[in-house]
Amino acid sequence: ELKVGALMPMTGDLQAYGESSRNGVELAISEINDAGGVMGEPVVLEVSDTQTEPQAGVDAAQRLVSVQGVSAIVGALSSGVTIPVASSVSSVEGVPQISNASTSPVMTDLDDNDFLFRTTPSDAFQGVALASVAVENGVDSAAILYINNDYGEGLANAFADAFEAAGGTVVGSNGYEPGQASYRGDLSAVSDGESPLLLIGYPENGQTILRQALEGGYFSDFFFTDGMKSPVIVENLGAEFLNGSFGTAAEARADTDAAQHFRSAYEQAYGEVPPVPYIDTAYDAVYSIALAAVAADSTDPAAIRDHLRAINDPDGEIVGPGEFAEAVDRLEAGEPINYQGASGSVDFDANGDVGGTFAHWVIEDGEYRTLEIFEPSM
Amino acid sequence: MSLLDAQGLYAGYGGVDILRNTHLRLGADEIVVIVGPNGAGKSTAMKAVFGLVPIREGRVHYQGEDITNRPPERMVTRGIAYVPQEANVFPSLSVLENLELGAYALRGDHRPRLEKVFEIFPRLKERRNQQAGVMSGGERQMVAMGRALMVEPRLLMLDEPTAGLSPRLIDETFERIREVNHLGIGVLMVEQNARQALAIADRGYVLATGENRYEDTGPALLANPEVAEMFLGG
Amino acid sequence: MVEVIQLLINGILLGSILALGAVGATMIFGVLRFAHFAHGDFMAVGAYFALSVVTVFNLPVLAALPVAMAATAGLAVAIDQLVYRRIRRVQPVILLISSFATALVLRSLIQMIWGSSNQVYETGIQLPWRIGPFTLKPDHLLIFLAATGLVVTVHLFLTRTRLGKAMRAMSDNMNLALITGIPADRVIMATWAIGGALAAAAGVFLGMDTRLHPVMGWTLLLPIFAATILGGIGRPYGAIFGGLVIGCAMELSTLIIPGSYKPAVAFAIMVATLVFRPQGIIKGTV
Amino acid sequence: MDLAGLLAYGLFFLNLVGIYAIMALGLNMQWGMTGQFNIGIAGFFAVGAYTSAILTTGSSPTWLGGFGLPFLLGLAATVLVCLPIAWLVGRITARLRTDYLAIATIGIAEIIRLFFLNEGWLTNGVRGIPGIEKPLGTGNGGYLLIVTAFVALIWLLVEMARRSPWGRVLRAIRDNEPATAAAGKDIARFRLQAFVVGSCIMALAGGLYAHFVGFVSPEAFRPLYGTFLVWVMLIAGGSGNNLGAILGALVVWLIWSSTEMLAGVLPTDLIGSESAFRVFLIGVLLQIILVSRPQGMLPERRPPMPGEQR
Amino acid sequence: MIEIERVSRAFGGLQAVREVSFTVATGSITGLIGPNGAGKSTLFNIIAGSIPPDSGAIRLQGEDITGLPTHRLFHKGLVRTFQIPHEFSRMTVRENLMLVPAAQRGENLLKSWLSWWKVVREDREILRRADDVLAFLEIDHVRDELAGNLSGGQKKLLDLGRTMMTDARAVLLDEPGAGVNRTLLGKLAEAIERLNRERGYTFCVIEHDMDLIARLCDPVMVMANGELIAEGDMASLRQNPQVREAYLGTGSSGQTGTGT
């Protein structure tokens, strides 16, 4: 029986992402089990809470591995938890760990005995993507306010470099500390009165910042990264102020079968379109683990790790998440497969990273609409 | 009917009885003095009566009513005022505030009462805006007494009211106590200035290791050579 | 210059929210001698109470304010009776740790009842008035006026009733207060009620200005303590002053230092106050 | 749930308990013995963790690294680096009373955290420092031996200090400062010593932590896990009692991690959110401990008189 | 021994001590009396370094000690007690005394760690001394009680006991007799006399019990309203009208002289 551990922030700062990521995981597992499970048995899920804190995160991970005996871990979300878990638990215990949301460039070179993977692209890519989208939208100067963590800082730097290389001007760039009651001073410091604001952050504080930016008259035009792509923001602030705002998010081509399958399955299961990013990446992480286990014909963690790349054989038959039963048949028949996930091709490179495509989205009539999906040219 | 009647008290701190079969009685307009060596349980007896130390056995009656183990704030409304031996002022409050708080439980205008206290202790009027915590030792003692008098009590319980007072003030204080007593207020006090205290007392108790040792009128105790040698400093 | 004045206006707003929280915290500190770590969560609970009133009865926020204040006051008193009363006689530090546990309980209850995502009283943005080069949001004027009104009410309450004095007496010497006939339990309950009500008001105002979130109060706790210290512990008026100073300093700080160091400003002021004027700017020895 | 797995988790679990126990012992020296209300533990914890991380890892272009010192030297350095910092903080806050000291130290700890967060050249800022290795390639079992040795050593040192006349002066200070001065003791010196020694113990725990989890980033030093948990451990265990501090670390961390299983028993729709319910349980359990045993599980006992067997 | 030279101190508008000068001669037991609030304790606080004087100087055996912190004065042999007892309430009576001796080896943390056995041996010696003092003061039955649980008078005795644990040369006693039972007070007086005679302690005693003052002290200083108004032996002071008016009063306590 294959046991998968989900290491998610069910409390703490990233709670909102933790809960929806878990939905992604659960969705994948129920589909897999409906399709007959792995090696004839249903896949079992164990969820553990990182509290968005490294100390609690490593403890939770160790419990998953030792007590619950999981063969692979999906998570964690923030790099500050994912990396300690990788270096003190999964690489030591030899359990593959696939993060669905950690975008820190540090992970690429981490000495993890090749047990750490991720299904979301490194920050380095999105900054470039966003810069090209901004230029395309006629932005020639911008102010940046980013959450002062590795996500925010990494993206802000990558964007600023690419944007300036493309001839744009950054009029002000500042990190902000989460949890403040007022960001008016921060806004005032980066505002030049006309340039739009690039806000890199999460809805928790991002919403406050947007509100204060609008109410204080500091900014009226905005663009965003994936972290701020959340319908609740539009709902709470009112569409009229945000229409026309745009942004990027790591997103698979929505026209692929896999992506469409995921969206409709998610809607059916939870009654809403996937509200925040990183759900499809969690979903793909589970599929990858299950397929690798089938390929290895084993629930041994190391064997699963060894087969994670094998399910993406370029010569193999392309299979998507809706086609688990067929994929199993092929693998059992000894034929190669190439998994194409909801979030993209999920081809792990030598570092366990994936490349990615990005969505250019805009807010129109209060709805997020994806204009195009593209691969940034580095 | 006696004002206060405590019979067969057993009380102490956490398990150990300090008082052992102690009894105290006070007539309506009596001055009663408790004397005894240090650590005899005099203060403990006062605290037990006032509900600050739990009584394990025995009863306390006040004006015929059973007040054993009643909470202290209820004693005040019944007309009992108590001045503890230590920590008897609010150090960070001014003298005036200390006095005003004395009358907290009472309704009505307290200015006349305040005037009366100032009359007794003119020093307090002079220094009424002073923080009580920085007053001299003797001045504090006055504040504490004054605070108790603000309640216009029927029964005044004083734990070593003259400790730290100058000889002149000691005389005055005993004089005041007598005056207060003439107004019909019963006074129960612990004193180490035993000779003077017993001289104005109607009756006295000698307490040693938590037990009643002697009990007599003031002058009789003073005259008792045994008591004098053992407890009054020869 | 315009920018400085604008930031000052903003600072006064933030400061009046901090001050509401700080007045309650300082009173609790004054009477019970411990830093109440659940104070921020009282704010959050108050804000959510108001949210329920707003959504269920479809009332404007200000109408929900009194309800939220009363409910939070009741909650504060209940928690005191249930928990704090039992450990009041031990060391204050036990109370402090216990208040920390209370904070955990309240925060998780909010999550269980109201969920953990961002919520707002009214959707949409309120566009500011423009007065010359300055902007002022109507809500902000409202918050400022309401906060001032509340503080004045508390002031009258403390001076016109004997309660204020009794509170200080209790913080000096609980035993002696009992001996003097001060009904200690009632004074303590009143303290909690006032503290809770003010915290709720601060929470509602904070929610109007930002958004509602289970940790909204917790993150404001340290600046509130900073305001308390600055004003001198146990001094309600000092707390108001402290709140305003901290609020303005935090807003103005972004002129000089990077925003990522902003929270340090409150702490730096606090530490400097403690080192150079430990009794607070307005002298408080209580 | 097999036995080997439980054992493996047990080893891991005890490592963390040991690290927290060391912090609780350091706090006991400050609070339990001297009455110094330090709620800036996370600051010293961070100083230790970063010191060891920077000094023992390989070189990197983005932060000041590449010293590659061995494990034990890294640990020694945590104490050496913490010493002047704690001394400075102690001097600054020397005159402060309990509550004021509390709030000053939490402020200083936040400033330290923001420093580590924002000074990327030194600490790799928000990204944190990866690749901190356990000594001699030990696994959790081997590392547990090292941690246990340190717990025992620190316990011994702190307990000796508590029983010594030095500890007696500290308790006197805790009790009554003017009287201690009148008895000829230089209060400022003793307080400062206790503060510095306690803080260095916390820094040492930081160093052990860094090597245990292999990665440090500012997130690990936020007040909840860096400071409050340690307080909860000491108070629940019994402040003033060194064995209590260790027991507190064990019990509290056990509650912290076992409530997750407890919370899983109840149906989700009843409690809204499982994880919130877990935090709720933690809070309630803590309250129960505090209300029923306010002195802690092992209350403080006075140190034995010389010649007395205890 | 102690020279007090033109010392003044005001609190706000109140001149608590005004231009006070006198000398406590080596080997004497000097009394200091005066009405409540006269400034006696304030003067003690100034001498003992608890508060600084506004002006004036204090000399200890010729050395200027004005403004030195309390613990430094202690090491110069100047010890004090407090009017309101300052016990270590959460420590046992024995520990209260054992704390006092200066320069204990074990007060150095490093030495405690490195030479534990020597520390314990030294501590045993200190314990023996403490028990002797307790026996002398007749409070040895409460030696393992927490000092905070002592009765008011017992605390006063403990305060005195702490000064007996030192090698002090000059001791300032602030009302050692207040609240102490008269029988015991007699013994206390004996103790003070013996310390003075046998160990050569110099005392300066504030006290309101005229019997005690009369028995122990010569000379006696009288303060009122912050000023020194008279000095001499008790018998002559009793005849001084100014002293009678300000302090003794006309009642019994000033006159029932020779109780013991």
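In this document, chain identifiers A, B, C, D and E correspond to the written order of the chains, with residue numbering beginning at 1 in each.
Here is the rule we go by: a residue touches a chain if its C-beta (ideal position, glycine included) is under 8 Å from a C-beta of that chain, and two chains touch if they have at least 3 such contacts.
Keep in mind it's a predicted model, so treat the numbers as computed, not measured.
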item	value
Number of hops, chain A to chain D, where each hop joins two touching chains	1
From chain C, the most remote chain by mean C-alpha position	E
Gap in Å, rounded to a whole number, between the CA centres of chain E and chain A	75
Centre distance in Å when chain A and chain C are each reduced to the mean of their C-alpha atoms	38
Centre-of-Cα separation between chain E and chain C, whole angstrom	48
Contacts with two or more other chains, residues of chain C listed in rising order	108, 111, 116, 258, 260, 263
For chain E, residues that touch 2 or more chains besides their own	none
Touching two or more other chains - residue numbers and ranges from chain D	114, 117-118, 273, 276, 278-279
Pairs of chains in contact (touch as defined earlier), listed by label	A-C, A-D, B-C, B-E, C-D, D-E
Parts of chain C lying in touch with chain A, wherever the complex brings them together	3, 6-7, 10, 13-14, 17-18, 108, 111, 116-120, 123-128, 130, 135, 137, 206, 209-211, 213, 215, 219-220, 223, 247, 250-255, 258-260, 262-263
Complex contact set, residues of chain A against chain C	11, 15-16, 19, 145, 148, 174-186, 188-189, 203-204, 207-208, 211-212, 214-217, 232-233, 235-238, 241
Residue ranges of chain D touching chain E (in the complex, touch as defined)	157, 160-161, 164-166, 168-169, 171-172, 174-176, 178-187, 193, 197, 302, 305-307
Complex contact set, residues of chain B against chain C	50, 52, 71-73, 75-77, 82, 84, 87-93, 97, 100-102, 104-105, 147, 151
Chain E residues touching chain B - in the complex, by the definition given at the top	11, 33-38, 40-42, 83-85, 139, 142, 149-154, 156-157, 175, 178-186, 208, 210, 246-254, 256, 259-260
